[in-house]
Amino acid sequence: MRREWMEIVEHNAVAKDTYRMVLKGQIAEEVKDPGQFVHIQVSERFFLRRPVSIADVHPDKSEITLLYKVLGDGTEALTEKQTGDKLDVLGPGGQGFPVEEDVREALIVGGGIGVPPLYYLAKQLVEQGIKVTTVLGFRSKEESFLVEEFKDLGAVYVTTDDGSLGEQGLVTDRTGELKGSFDTYFACGPTVMLKAIANQLDDVRGYLSMEERMGCGIGACFACVVHTPEDDEKGYRRVCCDGPVFKAKEVVL
Amino acid sequence: MDISISLPGLDLKNPIMPASGCFGFGKEFAQFYDLSDLGAIILKAATGEKRYGNEAPRVAETSSGMLNAIGLQNPGVEKIVNEEIPFLKAYDTPLIANVSGSTMEEYEHVAATICKEVDALELNISCPNVKEGGVQFGTDPRLAEEVTSRVKSVSTVPVYVKLSPNVTDIVALAKAAASGGADGLSMINTLTGMKIDPATRKPIISNQTGGLSGPAVKPVAIRMIHQVYQAVNLPIIGMGGIETTDDIIEYMLAGASAVAVGSANFKNPLICKELIEQLPEALERYGFSSIEEVIGGAHHETAASGLFRA
Amino acid sequence: MDISISLPGLDLKNPIMPASGCFGFGKEFAQFYDLSDLGAIILKAATGEKRYGNEAPRVAETSSGMLNAIGLQNPGVEKIVNEEIPFLKAYDTPLIANVSGSTMEEYEHVAATICKEVDALELNISCPNVKEGGVQFGTDPRLAEEVTSRVKSVSTVPVYVKLSPNVTDIVALAKAAASGGADGLSMINTLTGMKIDPATRKPIISNQTGGLSGPAVKPVAIRMIHQVYQAVNLPIIGMGGIETTDDIIEYMLAGASAVAVGSANFKNPLICKELIEQLPEALERYGFSSIEEVIGGAHHETAASGLFRA
Amino acid sequence: MRREWMEIVEHNAVAKDTYRMVLKGQIAEEVKDPGQFVHIQVSERFFLRRPVSIADVHPDKSEITLLYKVLGDGTEALTEKQTGDKLDVLGPGGQGFPVEEDVREALIVGGGIGVPPLYYLAKQLVEQGIKVTTVLGFRSKEESFLVEEFKDLGAVYVTTDDGSLGEQGLVTDRTGELKGSFDTYFACGPTVMLKAIANQLDDVRGYLSMEERMGCGIGACFACVVHTPEDDEKGYRRVCCDGPVFKAKEVVL
């Protein structure tokens, strides 16, 4: 983990309100696992950093790729950054998705802006010979992204709220049907989606990546705390350093 | 320039320390720099028993600041003594424990337990984020005096009372702490605030209100320290929005003998170390010949070092 | 969307008005836009006699805000009535006079003189920048109640009491104003602050302290309005750091029935007009179907228009 | 007076910590008198605008020239603006130097960053056939600017604190000697300099341009108020709109 001024080497729109940014710097060489994130200081105007997942890594080029969606003032201001600009980045942070030895068939479930970290995960899984099936949910076709990239890695099912791409409906419409075809699932997306998935796939090993508002992003301030089930002695987990990825039953959604 | 300062119980290599709650128990920052560089370390709040704190969201961003409502989450004083402090003892830095509670008895218990392991206590009578206790001790001078004197009578180390800015008359509270036997003051804790999200129509922080910190509150903190320095003869640890060496000098000119850096650690985890490195040069640039000359300098026609209090 | 609002004495075309002291008596802004566009205009403070105010410097910049210590400079209530108000009467906008003073008698005199020329009074018991009077009326509930009731008894128009945020218990002050017969509340005035220049080692403002305004104070104002809305059944004019329509919606959700824009007029002299133009669209974007639905919306499970107070 | 996003058409350093900026926009067409100023919003980081005098005007090109010195965070941040950027400007503000009919021989006295507005004044005076003599004071040669430009308009005397340009000393060392050679003086510079000049040239008609910290910059907030002599009924003047230029005896220095 370090604080570094990373150089923006690419920055372009990839879908409605969604941007791809490639950053160059040493942080890229320190990424351990898919699912880790960077904590970005957008500009002096903003007091808090913004957490954004690492969507891809090229350690050889010292580059990481981020995909972000404009959801407020900070992400809006981020769109104004130009190639060549330097960005104040803290990272890589958190515990990512473990790629355990005994995974054979993986299901990946992503919703909206939860999709990015799953791409780097899927690549890693495929590299290790694991079969990957992906279910992606978006609001609409124009907000969808990374679909073609996932297709290069295995079967991909897409659902959209309005049916403009793939099937109309929710990811759970599809994941239920796929049950039995995978031994482990990996999910990232809105909390309602994570809850639905965790309920539906209650008996399957699963990993979830969570979101919470952060202060420090390094484990010191206890802003990002979530509850654990009653039998857990510690009683809490910090999303920024114990997570963002947790075992499906490790935390209360 | 020598920037060391001696305060009751604290021999500080430099006047800069992380503020309570913004630095955990140090572990996370130890990966960024050597904690022995710090003037001191103020620990995260300790209460009698383990506390979970408030529900998330616990932070919200504001203009030049942030709101927090952590709610004193901590593992309880025993665990802090057994599991957190040993790590910090390996560093050559004075430790200040932040003592919190809901009742007089809890304050006494925490203080009595933790004082053996640290160099000073910071008595937190100003946390705005817990329903029970904490803040009423910091807004009622009689209670402030009583809790101070009860903690003083059980503590083997000096006690710095941390004042709340959410009061009509900060001087009355400072005097109450002094009457209770405080060895120093720590000011300020956060200003109670709220942020509402127009989209959800609800406060962003699940506790509804939170404590405002950051540069937004600095003018209020400077004013209060300036007032208290004139009225009460106790050393002050100043805090609220410190991000630069100019800020530190401003706090010391107002009357602080040392300063704490809080939420700026979230922006830049290396900030304390960087400020420590930059401070001597900054003092020289403004023509100060010693750190003592800065303290309370705004109160003197010419900044005379004789008026230094420590 | 219809954004008009009726409050005691005030039929507002829209809920947006310039705050006292930040708009003079309107002349300077009349060169930028038609003042009839405004919901209302709150005039600069009036006192019994002409006042020069404090020495310059009277303003200092802070993070996301500014300090001011004008010190109630004004030509005195007679001249305001004779030389300033006639100009404003040409516009189709309600006028609110800001009534200030050092003694009960001065408040009464100013109120009795100016009330005939305006639609409502804003009773300024919260100016932090004058040595005599003003602020002690705003920090002591008994004095607040008394000055309110004395002004009420001489005034022929509704009285909005302007509260100071520099208090431990804002609800107690709001209740005191209500007991005194206030028709509404105006909140908040500025937070007392200070800025020290490291180069000169002195406070920048010659009065030493000044009143902090701007987005820095918004979380404190929102919190106080949210508290007072729950406790006191009076309409509130909200202010402190308003710069955008989101800010206005945040104030109204907290409980304000209308808002005032202060120091943002210095950044952008057209801000009030621009906000008035943008507000209907902003309300629609967030799914509000009426302006009444916004007021106090943060307090309701579903924002029911029945809970509107005016 | 208007608020306008003016385009930066030139921006370069002209002396130590001193920059020249040329702005294009309608404000240029509305300048009445030399000595007026613009009120600049440097960026969103700053809450207050910064007053800067207009140093030259080209109404035909809709351009004004500013000269500013880096003295704090705002002027420091201003240096980062690039040609082509837009700047949020309010102006033109205030009452400038009157160019009265009966002026024949004018003395111009400028100190440091008070020099800029005097340049446009001198040009206007010369255009009307008035003889202009100029005394400029700077800290040192490397902080001096506009000296050659003033030489095109008349005799120029320069004093510097360290003697690195012109004579070592203060402007008053020279202005005293020049007494008798002018009927009106126009001065702008630090308050100590204005005081010294006003005392020394007590019996001569003079105009002074003053500085004070400003809020609104348009006359509404009463931040920038200065005292008048006791016999003045109003008792005050606002630097931003009654000034910044005053008759030497109109205000208390």
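Things to note:
First chain written, first letter: the chains are A, B, C and D, and each begins at residue 1.
As a convention for this text, a contact is a pair of C-beta atoms (placed from the backbone, for glycine too) under 8 Å apart; a residue touches a chain by one contact, two chains touch by 3 or more.
A quick note: this is a predicted structure, and the numbers were derived from the prediction, not measured.
Per-chain Cα centroids separate subunit B from subunit D by 46 Å. Subunit C and subunit D have centres, each the mean of its CA atoms, that are 36 Å apart.
For this pair, subunit A with subunit D, the centres built from the Cα atoms lie 57 Å apart. Under the contact definition stated at the top, the residues of subunit B that touch 2 or more other chains are 62-65, 214. If you sketch which chains touch which, the chains form one closed loop in which each chain touches exactly two neighbours. Touching chain pairs in this entry, ordered by label, are A-B, A-D, B-C, C-D.
Partner subunit B is touched in their complex by these residues of subunit C: 62-65, 67, 139, 166-169, 191-196, 198-199, 201-203, 208-210, 212, 214-220, 222-223, 226, 241, 246, 249-250, 253-254, 286, 297-298, 303.
Contact residues of subunit B toward subunit A in the complex are 21-24, 27-29, 31-32, 44, 50, 52-53, 56-66, 68, 70, 73, 204, 214, 263, 265-270. Only residues 44-45 of subunit A touch subunit D when the two sit together in their complex. Listed in rising order, the residues of subunit A touching subunit B in the complex are 1-3, 41, 46-49, 74, 90, 212-227, 235-236, 241.
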